[in-house]
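Each of the two complexes below includes chain A, the first together with chain B, the second together with chain C.
Then we have the complex of A and B:
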């Protein structure tokens, strides 16, 4: 009996690495894309999202050793829209690259343009686009479809289609919740990251530019006070990251209702993309309902 | 292949610069490649103009500066290849917030060195 058990153990020990090697290796630049890949591929893929929790994946430049790992992946899922722009500054295998916002490039939101010149080169304008596209859950559903299409190169299409239908149904449910959000007053946010949520919901979301998770400085509070003079009807303030106690107190003292609307760039400490977004939307809905 | 090599590198450079452009909205397009023991650094504005002044900095895979030199105004600067065992980041900084970079992993260098010399 012991011999059989030993043989069986050895067999599995030998087989496990081979099975792992057969799984699709996927690297992503954001947590939402990792979540979509995990939902769609299940155990058939190894999904890696290597950005450290204390770094903003939109601007993080991976160490070269990590970029070498990306180069070895079967699929590299990009958000596009200028998110993780290091991906344009390294040789990544074209066959593995999937720009998940390519299909809706014409619907990206332009955020700023800078006009200047380089010596005698003449004036020219640089455009920038908002990058957190998944906060419009219709666009997130299109990203999921792009991931699914890429996965079909490696995995049975029927399985992927079934998982995609379930995922898109969940995203549509979130979208319906977004469409119920109403407010005649503008909202204020701690950072300009909610452009796609605003466009889809019809809410007006203005913003300051405060570093995530830090207590604002005196001058930053003064800038907020100036904005509140400009928009006295504002009642709801969105935090992109969990605020410090002092920061939260400062918002409440100004008569605002604070909502931590997590962008989900990173894997949440509890739950997943879907539960985190449900929590965000429930908190926002409640704040809007209770606003005078 | 030997005859095609310069054209191949030119094509790869153009491809890389074109792909990099949308993401480098307010920067400089930089591309680096390796030929034997030579590091070739190319940088251009989106207009195609080559910067005339600035600094080229080369970092290893631990982000330690291993070489620094001034921009020469040539479209392709040829520099001695530093130790690339941990990879290289090639940065061109022309001031006023205009900079760009290109990353070469050890696998990139190995692959490019394996191509036949022109």
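Then we have the complex of A and C:
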């Protein structure tokens, strides 16, 4: 019996690396895309999202060694819309690249642009677009479809299609919840990241630009107070990251209801993309319901 | 074989006369042989690369310019097309598309902008250093590296597009990130960069040094155009406009199967379209057919020269025999047969021919690599 067990263990030990090599290697630039890939491919793929937890994946610059890992991947899932713009200046194999927002480029939201000039070349403008497209769950469903199309190059289409249907059903459920959000008063957010949620839900979401997870400075509080004078009807404040106790207290003192609406750029400590978004939407719904 | 001994002694005594005769014959023999081997080698080099490239897409115009520029990185400059041509091939799902931008040089060496897919397609591996990773990186072909003594970590500066065009592209300092293993092809003589790096040379992409917004929300005060991409300024580099409108000179399309190839070619049949699709092997074979015609002409000329030379040599031998009457008469008196004269002439001719043929063979072997290289270069450069 012992011999059999030993033989079986040795066989499995020898087989494991071979099996791992056969699996599709996927690198992503954001957690939602990693989640979509994991849901769609299951155990057939090894999904990597290497951005460190303490860095914003939208602006993180991976070191050369990490870019080399991306270069070796079978699929590199990009968010597009200017998210993780290091990919625009890095050498990545086009055959592996999948821009998951390419199909809806015309529906991206343009944000404030920067005007400047180079010497005597005259002025020119950089148009910028809002990058957190997955906060519109209809767009997220299209991103999932783009991931599924790419996966079909490596995995059986039937299985991918089945998983995609389930995933899109979940995203539609979230979308239905978003469509139920209503508020006549504008909302304020700690960072301008909620453009797609606002457009889809019809909510007006204005924002300050506070660093995530930090207590605002005195001048930042003053800027908020000035905004509250401008929009006295604001009752709900969205935090993009879990606020510090002082920051939370400052918001409550101003008579606002604080909601931590996690963008899910990173893998949440508990649950996954779906549970995190459900939690976000429930908290927001409750805050809107309770707001006077 | 006393006649061979006597012939050898005679030729040895008249060294200068023999040397002239041998040289003329050796050259006459070597020229067609060298021409033949050079053409065969050139043909195999050209066709091998063309056969390995299923389809090229580029601006409508000279098919030869497109093929020579995309396959052998010649000085030809087909009209640029936009990157959308490459993306359209990707979107068709019929083929892998590999963009090429052949416009810039480091002195005489071509700087080729492409994507990592090119290296996989041509089966090129990095021998030293690392592949292209970030903007400004360059991977150098084996022969370029050897000629320039380059190592990973070295730098080189692209040549100005036009010295008198102040508004043209500025030189960019490239960082050598890797050296390719020898491939015995045009890739050995090229410098590869990411296509985005060529757009920086072009001036489409640029960086800002310590850019800050002024009170009016404009960046002005400390803006400079960089011509060196370093770790410090790399993140400030950006591009204006839609990347799909940026220029390239051609696209290598690698269809998934024969049906995809046919379907893809069908998309470029409309002559009103800005792009054309070219099967490189067809273009190169047409070029080689022209070369074959030239070779036939050269062969005919060589044949005429050979006949003229042989007539001249026969005449020279006849005259020599007249001059050697006294010497031959002495041999006759010594007891030699009358047929010895014919045998002596035969032996001398054989010895001269053997020496000439040997020298011609050595010449062909020695000059073959140089001539092949020269012929390929002339062919690639000459198509300009």
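Here is the rule we go by: the second predicted complex is superposed on the first by the 292 of 292 C-alpha atoms of A that agree within 3 Å, B and C clash if a C-alpha of one lies under 4 Å from a C-alpha of the other, contacts with A are read in each partner's own complex, and residues count from 1 in each chain.
Keep this in mind: a residue touches a chain if its C-beta (ideal position, glycine included) is under 8 Å from a C-beta of that chain, and two chains touch if they have at least 3 such contacts.
The structure presented is a predicted model; accordingly, all values stated were derived computationally and were not measured.
Colleague: Do chain B and chain C fit side by side on chain A in the superposed arrangement, or is it a clash?
Modeller: By the criteria stated at the top, chain C and chain B clash after superposition.
Colleague: Have a look at where A:82 lands relative to chain B and chain C in the superposition and call it first, second, both or neither.
Modeller: A:82 contacts chain B only, not chain C.
Colleague: Please indicate which partner A:219 is in contact with in the superposed arrangement: first for chain B, second for chain C, both, or neither.
Modeller: Touch partners of A:219: none, neither chain B nor chain C.
Colleague: Considering only touches as defined above, state whether A:106 meets chain B (first), chain C (second), both or neither.
Modeller: A:106 sits against neither chain B nor chain C.
Colleague: Which partner does A:93 contact after superposing on A: first (chain B), second (chain C), both, neither?
Modeller: Touch status of A:93: second partner only.
Colleague: Let me test your reading of the model: by the given contact rule, A:67 touches which partner, first (chain B), second (chain C), both or neither?
Modeller: both
Colleague: With the two structures fitted on A, what stretch of chain C runs into chain B, 7-15, 25-33, 115-123 or 205-213?
Modeller: With chain A aligned, chain C clashes with chain B through residues 205-213.
Colleague: Can you pull the chain A residues that chain B and chain C both touch?
Modeller: Of chain A, residues 64, 67-68, 71, 86, 88-91, 114, 118, 124, 126 contact chain B in one complex and chain C in the other.
Colleague: Which of the residues in chain A come into contact with chain C in the complex?
Modeller: 61, 64, 67-68, 71, 86, 88-95, 114-119, 123-124, 126
Colleague: In the complex of these two chains, what residues of chain C are touching chain A?
Modeller: The contact residues of chain C facing chain A are 90, 96-98, 115-117, 120, 130-135, 137, 194, 196, 206, 208, 211, 213, 217-220, 223-225, 234-235, 237-240, 243.
Colleague: Help me check something: in the complex, which residues belonging to chain A touch chain B?
Modeller: Within the complex, chain A touches chain B at residues 63-65, 67-68, 71, 82, 85-91, 114, 118, 121-122, 124, 126-128.
Colleague: Under the stated contact criterion, what part of chain B meets chain A in this complex?
Modeller: Within the complex, chain B touches chain A at residues 16, 19-26, 30, 45-47, 49, 51, 61-63, 86-89, 98, 100-108.
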